[in-house]
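To keep things simple, chains are lettered A, B, C and D as they appear, and every chain counts its residues starting from 1.
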Amino acid sequence: MSKVNMAVNIAGVEWKNPITVASGTFGSGMEYSEFVDLNRLGAVTTKGVANVPWPGNPTPRIAETYGGMMNAIGLQNPGIDTFIKRDLPFLAKYDTKVIVNVCGKSKEDYIDVVERLADTDIDMLEMNVSCPNVKEGGIAFGQKPEALYDITQAVKKVAKQPVIMKLSPNVTDITEMARAAEAGGADALSLINTLTGMKIDVKRRTFAVKNKTAGVSGPAIHPIAVRMVFQVANAVKLPIIGMGGIATTEDALEMILAGASAIAVGTANFNNPYATVEIADGIEKYLIENQIDDINELIGCVK
Amino acid sequence: MGKVKITAGVVSQTCIATDIYSLILKAGEIVSQAVAGQFVSVYSKDGSRMLPRPISLCGIDKEAGTLRLVYRIAGKGTNEFSKLQAGDTVDILGPLGNGFMKESGKAILIGGGIGIPPMLQLAKELDCEKSIVLGYRDELFLNEEFEPYGSVYLSSEDGMHGTKGNVIDAIKACAVTGDIIYACGPTPMLRGIKQYAAEQNIRCEISLEEKMACGVGACLACVCQTKNVDEHSKVHNARICADGPVFYAEEVEL
Amino acid sequence: MSKVNMAVNIAGVEWKNPITVASGTFGSGMEYSEFVDLNRLGAVTTKGVANVPWPGNPTPRIAETYGGMMNAIGLQNPGIDTFIKRDLPFLAKYDTKVIVNVCGKSKEDYIDVVERLADTDIDMLEMNVSCPNVKEGGIAFGQKPEALYDITQAVKKVAKQPVIMKLSPNVTDITEMARAAEAGGADALSLINTLTGMKIDVKRRTFAVKNKTAGVSGPAIHPIAVRMVFQVANAVKLPIIGMGGIATTEDALEMILAGASAIAVGTANFNNPYATVEIADGIEKYLIENQIDDINELIGCVK
Amino acid sequence: MGKVKITAGVVSQTCIATDIYSLILKAGEIVSQAVAGQFVSVYSKDGSRMLPRPISLCGIDKEAGTLRLVYRIAGKGTNEFSKLQAGDTVDILGPLGNGFMKESGKAILIGGGIGIPPMLQLAKELDCEKSIVLGYRDELFLNEEFEPYGSVYLSSEDGMHGTKGNVIDAIKACAVTGDIIYACGPTPMLRGIKQYAAEQNIRCEISLEEKMACGVGACLACVCQTKNVDEHSKVHNARICADGPVFYAEEVEL
């Protein structure tokens, strides 16, 4: 099982295979390392981390939805100090790339975290621009092209690692956002973040998630994610990490055929903690069965 | 060996009260490591339900290699499980969470409603004098199985069984005393017990519930508020699945 | 089973109950009348009709998705003449309100259809503004507030029946669109139309639907629809017909609690042709069990 | 009575060739109205699959009140169906579509691959002289059951059974003649038959396939292109589910 090339290059960083995990669904790798040999993953993407600890939202923070779930964790995180002291040394023990997902309430917050990470040996930065934006007036950076351009530029100025801008699907035109990130100097894009949803408990006549709205993820949103990856792949030159509802080998391949250079498994981890490695094996098998030597031949091949 | 997801075989399932089922699963790898107070995540076969359902261990039979789950039909997932029959299989992940911290001294075990099942395994594991207080709305279940392990006191909302009222009413009415309380049940009950334990200056462990996604501490769905900033979160949030589900009552806000 | 009031008033039109069907999933009622007594529905909403026959898209036009489906029927329709001659007389036989869904490639197309319907005894008009827009350069009327305002105004000028503007969910801010429709004079809103998606057949390495992109519908999108209904209900004063993934009584109640005055069953008809009447019965039962006299008390009661 | 959705009881299911299953369903209300060439929509139990799967009627037993479906595992839905056992239930909608239009004269029945099953019921219903041409890739199924109803000619791609090649090769090799062709099978085969029938000036009915959602003519998913503007669509599109699945070959573009 290794006559085929599974390695992909994302903005200059070589991953041994195109599989990572979606931020926030895999902690910092520790918890799932009981199920998955992290050495088997192309990269580990961490939970979003801010410059200071964030308490997150009140519970209930999640609800199940048809074919998926919704969450409003509210980006609880222990802050960059603890993260560097505790989580990075753990991840450093593995032969996998480390992508740190960064969140913040203002441009300065993001810059703060990125600067703190500059001299660590992480491999890539992923900017979660769907965080609650307090300074700029509450709207997320991810929903206005100008704001996205701006934050991309600001982060790029201080970043020492390649910067992945993570796009929100809650927009009219995802290609406009992708182009803004590209213009701002992004090295790669990841998409999609969650789609904003709501669930009401009809028995108790109240919101199922305390925060009222919550982000929908899981297989239910996969077709929307594939469409957006396809559109973005055909609009910009940047490498794309595709995510949104990937649970099987076929789901992952769909993303790659649509134009993603790598893929992330999120909600599916909760259903099947072995999903990542099963997908890695499945893609390799697909390549062999279809006599394709190199995964890179598949990227964006459906036009 | 640690946590695993396995396909467990159904040994048997019986309905032990209205909407309450007792399910015996062959689950070798999980059984050998499990202790009272832990739980497993049970997966639906129906693909429209992605998230597993956390269910406490009501029985752990190391020799037979079986787990016993006792649960109430609360929605679609548990309804699906209630249809399982001997010979079927069901996917489970476990053992999850930390069990009860077994302390010395005379124990009071308190179970309310569907919080009763985990207390049965605890009663078996605890090697000390035990008072067992079980609170029901109306219909009884499992209570007879507790008899061999201690003095059993009942309460019921309708007054048909034991003390009319809740478990605290029963404790007071029957003058139950002890050095350590172990409790599982609905939050209002736990809140009452926490306060009672504080008043009486009795150490108290409670098992909490919250909606879960991962069950292993990765997603931060299932937090409870803690008195102190905890080591993992650096905020006042502990993960019920990984840091609990059992906590010292004084350490959590309910 | 009739001590409770199930009737709702949508822009001056009294429906006997809040149940209709989503346009395009129920033909013109004929086909499903074998399963459902159309007299049991508050209203029947027809498939989109244009001023002339449209051939629609090439096949395959649909694909199944996780918890839903996607379609790119391409608004095939026999044109307004046939519709008036054949379908309206059929619907007139039933004691139910008739809502005609209208599509067009230019403002003139819409006006044409609306004028042709002015002197028929249909009850309401629903404008599908997600049609391919040829004249204005390809983007749908439903994705730009100014365009939506404009078409609403134009249609209102000639319409003799109350006008429902049907909103597309493929936008950054659904409330902005709702406000544009309100400002343009809309009498009611319906939402959501389908979310644009894509599915790739990884075996054949081609698009599952010939049109490449297709609209995702069904239970998978329900939480997104509920969120949008909630947001719109809290942004405008217009009555809302909620739709998107409604398959059960609970799904329908969620929409109503979120702020919809009526609901439409779409994709669920394909899974269960009796869904509409089962939901009508289910809502009535819920009212009785919860001792609520009037369905109107529930509308938007979760805040 | 018309079309109904019912919960049918599984009488039996057998695997009759690699990945090919024969399912007998108790389906009284549907059976009494059904004719050869019609189909039923079969629903998944798994909630992640909303759309029903159209499957042709291979057998209609009015006395027993049963339907027989013969299908190949093509994906997740048919895979789910293949697990059904006697005593289980499955939801079906039917009878759907129009059957074959039975004409007088000597008939040639042509079935290719998984298009073979509906021809069996047609063979039973047609009261005339019949030549039956069955095309396989390799493994045979159902062919023996056709024997009582006419002269059976086989073709197989690998040449192991009957004429090497496709059904047209078999027709030519065996000099099969007739006044009317009834055919069901993959589109390339139907295209060949349509052309052959035109050349030979034989009337020809073919049964078509397309992805379906409603199955009853409401959604316009399953159209095929017609030569003339049809009455329903007013464009060159007929609905396979409601206007077909059987069409005169000359009336549709393939």
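The rule is short, and it goes like this: contacts are C-beta pairs under 8 Å (C-beta built on N, C-alpha and C of every residue); 3 or more make two chains touch, one makes a residue touch a chain.
Remember, predicted model here, so these are calculated numbers, not experimental data.
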item	value
Between A-D and A-B, the pair with more C-beta contacts	A-B
Distance-maximising chain from chain A - centres being C-alpha averages	D
Distance from chain D to chain C - Cα centre to Cα centre, in angstrom	35
Averaged-CA centre spacing for the pair chain C and chain B, given as whole angstrom	46
For chain B, residues contacting two or more additional chains	47-49
Touching two or more other chains - residue numbers and ranges from chain A	66-68, 219
Overall pattern in which the protein chains touch one another (line/ring/star/complete/other)	complete
Contacting residues of chain D [partner chain B, same complex]	45-49
Touch list for chain A against partner chain D, complex	66-67, 219
List of chain A residues in touch with chain C within their complex	65-68, 70, 143, 170-173, 195-200, 202, 205-207, 212-213, 216, 219-224, 226-227, 230, 245, 250, 253-254, 257-258, 286, 301-302
Chain C residues within the chain D interface of the complex	24-27, 31-32, 34-35, 47, 53-56, 59-64, 66-69, 71, 73, 76, 78-79, 82, 218-219, 267-274
Residue ranges of chain B in contact with chain C within the complex	47-48
